[in-house]
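Multiple structures follow.
The same chain A turns up in both complexes below, where it pairs with chain B and then with chain C.
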Partner chain A sequence: MSDKLILKKDHLTTFLRKLSKEYQLVVPLKNCHGDTLFTVIEDLDSQPPDLVNQPQNSLKEFMLPQQEVLFTYKNSPGDYSFSPATVKPPPTIFFGVRPCDLSAVLYMDVIFLQGRTDPHYLQKRENSVLIGLNCNTSFADCFCNATRHGPFLEYGSDLQFTDLGDRFLVEAGRSRGEEIVRKWGYFFAVAAKEDRARKYQVFLEARGGFARMVHVDQAIKRLREKKVDDSVWHELSLRCQDCGGCAYLCPTCTCFTIIDRPVDNVRGERLRSWDACTFAGFTNMAGGHNPVNAATDAIRQRFMHKLCYDVKDHGRPSCVGCGRCVGICFGGTDIIRFINMACEGI
Partner chain B sequence: MTDISPLYLPQPAVINEVIEENSQIRTFVLSFCDREYNEKFTYLPGQFMMVSVPHCGEAPISFSSTPEEPGHIRLSVRRAGRLTNAMHRMKKGDVVGLRGPWGNGFPLDDMVGRDLLFVAGGIGLAPLAAVIRTCIKKRDQYGRISIIYGSRTPSDIAFADDIAAWGMEKDVECLLTVDKAEPGWDGAVGLVTSLFDRADFAPGKQTALVCGPPLMIRAVLSDLGNRGFADEEIITTMERHMKCGVGVCRHCHMDGRLVCADGPVFSLARLRGLEVMELG
Partner chain C sequence: MAGLATTFGSGAMTNSINEIENAEVILATGSNTTEAHPQVARRMLAAVDRGAKLIVIDPRRIRLAEFAHIHLDIRPGTDIPLLNAMMRIIIDQNLVDDLFIDMRTENYHQLRDMLYRIDLEETAKTTGVPLERIKEAARVYARARKAVICYCLGITQHISGTRNVQSLANLAMLTGNVEKEDTGVDPLRGQNNVQGACDMGALPNVFPGYQSVGNLDFREKFEAAWQVRLPEKTGLTLMEMTHCGAEGLIRGMFIMGENPMLSDPVLSKVEDTLANLEFLAVSDIFLTETAKFAHVVFPAASFAEKTGTFTNSERRVQMVRRAIDPVGHCRTDADIIMGISERMGYPMGHESPVEIMEEIAMLTPIYGGMHHDRLESGWGLQWPCWDRGHPGTPFLHKYYFTRGRGRFIAAEHDPPSELPDKEYPFLLITGRTYHHYHTGTMTRKCSLHNRECGEALLQINGGDAGRLGVRGGDILRVTSRRGVIRITAEISDVVKPGMIYTSFHFSESPINALCIDTWDPLANCPEYKVCAVKIEQGEVA
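And now, the complex of A and B:
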């Protein structure tokens, strides 16, 4: 990351207000129930971003909406035609994105843009600017240190913020971030040597501050060496309640299904919506034949994909360590439980 | 604005002919409504199309035609559920949507100069038909061709006219068997593997292409192995639930591989080491 700049915290709202004149702004925001969610912000003055709590959702629902129209179709005798969906997402700035969630977007870039380009993802992604916020203190279930996606982000954001008390250290990562600091340069001062030193200090404290010790590397190694006993999969598959909560909340679970929704007899939409590999129907084939035995292996694909296949294919696990599935899972079969079971007896 | 390529957008294609192969399988001869698209369109045997039928979504269907006869593609469809049943109700002049071609195709280049053994069960002959037609079109590039085809009953034998025509070609041998005989059937009864003793096997200079239901694949692969075929000489296709066909939705996962993008054609050598139910 190139030049290091300083933005005084007192100036944050004004800075965001400027940005919101040209972009749709998405920030972590507390709703009326007290839940923090990434939300399109309308009024910065009455609702400041919540930079203290972990957002319950991630950026996934903005890049890969829970349901989206791929195209519409018309059919009548002798005719069946298809029209591309025409919604154009507005240019959007995501502010206050934690390293885990930002890494998750980088992972989605690989899935949807490497190889064949997914036009629907591309449209949203190329219209987005990501402003990251490093984590000085981890949240209760976080273990991004163990998955190597945090607590500080090394690369990939457009601008990266670090909280230094009364100020943010701001680093431009990609050209879009540089454009922003150039365009609104009057908000920023060049960082002093002490500010840079302070960032390193904060990073060391953050790295040492995790409440949980999760042996991600060990689990990856044992999976690769096929040393995880079948009984682990069986027990977890039995306990999984097949609710899909983990997959929906997970910022890197991107499996989807595609269905037709008839509008009337002669028109309809083709939709894609989130799916989960833990669902019994995910692999079901015509005639009731299923290559995955739900009773014993329902949950195998989930953890193998994140901790084994993606390490092989992309060099690091696609679990980013955000801990969301730990909080949501009432089956008690979340990824930390799995990692602990996989490493038992070492 | 970036170019938004139509990754999920099908192309309308009209049904020119419907061939009733048996009570469960029909072959649809299709051409794209857009003439220019139809002329440029090409594919590899072993690849598949995602077929759209109004209000039914999509299903992956392999080509049973050869790209050596451009302009018309054949999709042979077995009634299996919602979409395939709806397709069986369609007639000449009706329009479906086609998206593709997806998947990898058979390694035709590696097969040049070799004898070919095709082992198929039921609808599994559809993708192999694409290869057989192609090899017969380029007859001098390949050695002897043996086709071993198993059906449930004699009335379930699909592609009967094609099989008869292939059998007339030089150095092409077709052996048929059924699981259960019917009055008037004097051919073989038993699994495809029961015909293996009658066929001329030549591991080392022969490639085996195997396609059919999982249990058949399992039996055939192990039998061929016992008869001396190397893993590289045995080619098969995998079938899994699919939604996108392009390696993103992950419904067709198979121990870290995706059947739509890494397959559906695999040599036994590529399957070794993977946990795949077809290998037992």
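And now, the complex of A and C:
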């Protein structure tokens, strides 16, 4: 990351207000029920961003919406036509994105932009500026230190913030971030040597402050060596209650299904909708045969994908360690439980 | 309902759902908990993780049975013999809680005398479970300091449904497993608000809050509040209505959010009734099989389009808030009822859900302290909640039973009304699947649910299937003395030989066309769980 700058915390709202004049602004916000969610912010004065709690959703909801219209169709006598979906996302700044969620976007870039480009994703990604916020303290279920996606982000954001108490240390990562720093330069001062030292100090404290010890490396190794016993899959699959919550909340689960939805007798739309590999229908064949036995292997694909196939293909697990699936899982089949079971007896 | 009301005085879960997690022993009977109540099942699994013992009573090897320490795979409809055997063993082994029985209950001698008359070997034979295993279950349950019984429709949907429940209550009282936290008898309700509907008097014999129609004081109270004369006679039960036939007493019906053309037994009789009504109005969020018979259909608003409260299984009253405005011409249930009422010359004049809740609180003692402003924050309140200052009641029957003393009501075996024979050799059990809800009015409109489970599957044991030459995916014709349906076969070891199982969600394979129209004489709950059928290959002619 390039130059290190300082933004006073007192000036954050003013800074965001300036940004909001040119961009749609998405930040973690606490709603009236006490839940923190990444939300399009309407009114900066009455609702400051919630930078204390972990947002329950991730940026996946914006980059790959739960349901997204791909195109609409018309099928009337003499007129069988398709038209692309016309919704164009406004330029958007995502502020307060934690390293796990930011890493997840980088992972989605690999899925949707390398090789064949997904135009729907590209459109949203091109229009977005990501402002990251490093984690000084971990949340209850986090283990990004073990998946090597945090607690501080090394690269990938447009601007990266680090909380230093009364100020943020700001680093511009990519050209869009540099543009912002240039344009609103009067908000920033050059960071002093102590500020940089302080950042390193905070990083060391953050790295040591995780509540959970999760042996991701060991699990990856045992999966690679095929040393995870079948009974582990069986027990977890039996317990899995098939709700799909883990995949829906996971910032890197990008599998979707295609649905055609008629609007009336003539028109309709094709949309894609989140799916989950733990669902039996996910692998069901047209003839009714299912190569995956739901009762014994329902969740094998999920953990193999995260901790084995993606390590092989991209060098890193696609579990970013955000811990959301741990909080949502009510069958007790979350990834931490799996890792613990896989590592048992080492 | 009737079972617990007569023994304990209150027909609802005695515990909170969270308490299940802390129990030492969980007895789950007639409940396919992982499929029908996953949020309850999760607590059971958590309890097992903490070292609790799980006893599952179910004829099928359901998923929960995989986690069970003891699985009692009884013959369907032999719950009473099984429970009686357990109680007799508990008495024989001196594991009875004498102090509890003395201080808190009545009519014990009736149960004890009956139990001394039964022959354990004979009873075990009736249930099909080895006596040793029943003994083990009895000991495990009776010795626990904190034991929870969870039951569901596998207990109630029998002709002996009420007595099944009473027997469970007997078992709990015999061992003193009521009155405490993490300890009790818990009927699991099947719908988000079925408890609320009962609480609000959607039963033929009570006003809101289980205040009996036959009681003059209650009647006068409601007459004064509503400014009308109220009938002294109790109303009709569901089966008396939907099975009353062409010459029945009923000329008009207003059906809200119910789909008897798929959910009630012997659909031909339901059709006969509905088709011959002078007037039928149906209110639902989608056009159901029942609504197709209606003269007037009201498009009702969904849960996301209305504000009010739902009362769940654990007596917890929670707010639901309007997230979107009603779609199209839909109107909320309250709006529809008040609109009709007004045109019939009785304007109710409630301006908001808050006002309706205020009236509920005023007239329904157990809801006395339930006001929207109190319910808005947090996780709601559990009844009884007598006044504004009352914090709600997590578990019932502390210090004394709702009816005063808990009453033992002894029950003896009453076999199902139709068992397999030569002509109809299979025993059909019906139930629910994970992905669909009731008659599928909502879930079958959802593409992902349909992908996961798109048709009714008839579970048949591998041995039976081999003998009949049936393979998975084959089309079968299933016939009972009342009807015939077409259904796809699924070979499964979940069911034992001689038994078949399917769900009732699918109008293409309406299993209730086959079910028997006998019902529990006390609660009028139909016997969905047992009837005799035969299976043939091929399409229905």
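Heads up, the rule we're going with is that the second predicted complex is superposed on the first by the 343 of 346 C-alpha atoms of A that agree within 3 Å, B and C clash if a C-alpha of one lies under 4 Å from a C-alpha of the other, contacts with A are read in each partner's own complex, and residues count from 1 in each chain.
Here, a residue touches a chain if its C-beta (ideal position, glycine included) is under 8 Å from a C-beta of that chain, and two chains touch if they have at least 3 such contacts.
Worth saying up front: this structure is predicted, and the values here are computed from it rather than measured.
Taken together in the superposed arrangement on chain A, chain B and chain C fit without clashing.
If you count the residues of chain A touched by chain B and by chain C, you find the higher number for B.
In the superposition on chain A, A:84 makes contact with chain B only, while chain C stays out of contact range. In the overlay built on the shared chain, the residue A:243 is in contact with chain C alone; chain B does not reach it. When both complexes are overlaid on chain A, the residue A:284 reaches chain B and chain C alike.
In the superposed model, A:330 makes contact with chain C only, not with chain B.
Angle at chain A between chain B and chain C, computed from CA centres in the superposed arrangement: 80 degrees, to the nearest 10.
Look at A:254: by the touch rule set out above, it reaches chain B but stays clear of chain C.
In the superposition on chain A, A:308 makes contact with chain B only, not with chain C.
By the document's definition of touching, of the two partners only chain C reaches A:273; chain B does not. For the pair chain B and chain C, the model built by superposing on chain A gives 12 Å as the shortest CA-CA distance. Common to the chain B and chain C interfaces on chain A are residues 257, 259, 275, 284.
Looking at the complex, you find that chain B touches chain A at residues 2, 4-10, 12, 52, 54-58, 80-81, 84, 93-97, 214, 239-241, 243-244, 246-256, 261, 277.
On the side of chain A, the complex with chain B involves touching residues 70-71, 73, 75, 77-82, 84, 111-112, 115-120, 122-123, 126, 254-260, 262, 268, 270, 272, 275, 277, 282-287, 289, 291, 301, 304-305, 308-309, 312-313.
By the touch criterion given at the top, residues 238-239, 241-243, 257, 259, 261, 273, 275, 279-281, 284, 288, 295, 330-332 of chain A touch chain C in their complex. Chain C contributes residues 34, 38-39, 41-42, 45-46, 49, 63, 66-67, 434, 447-448, 451-452, 473 to its touches with chain A in the complex.
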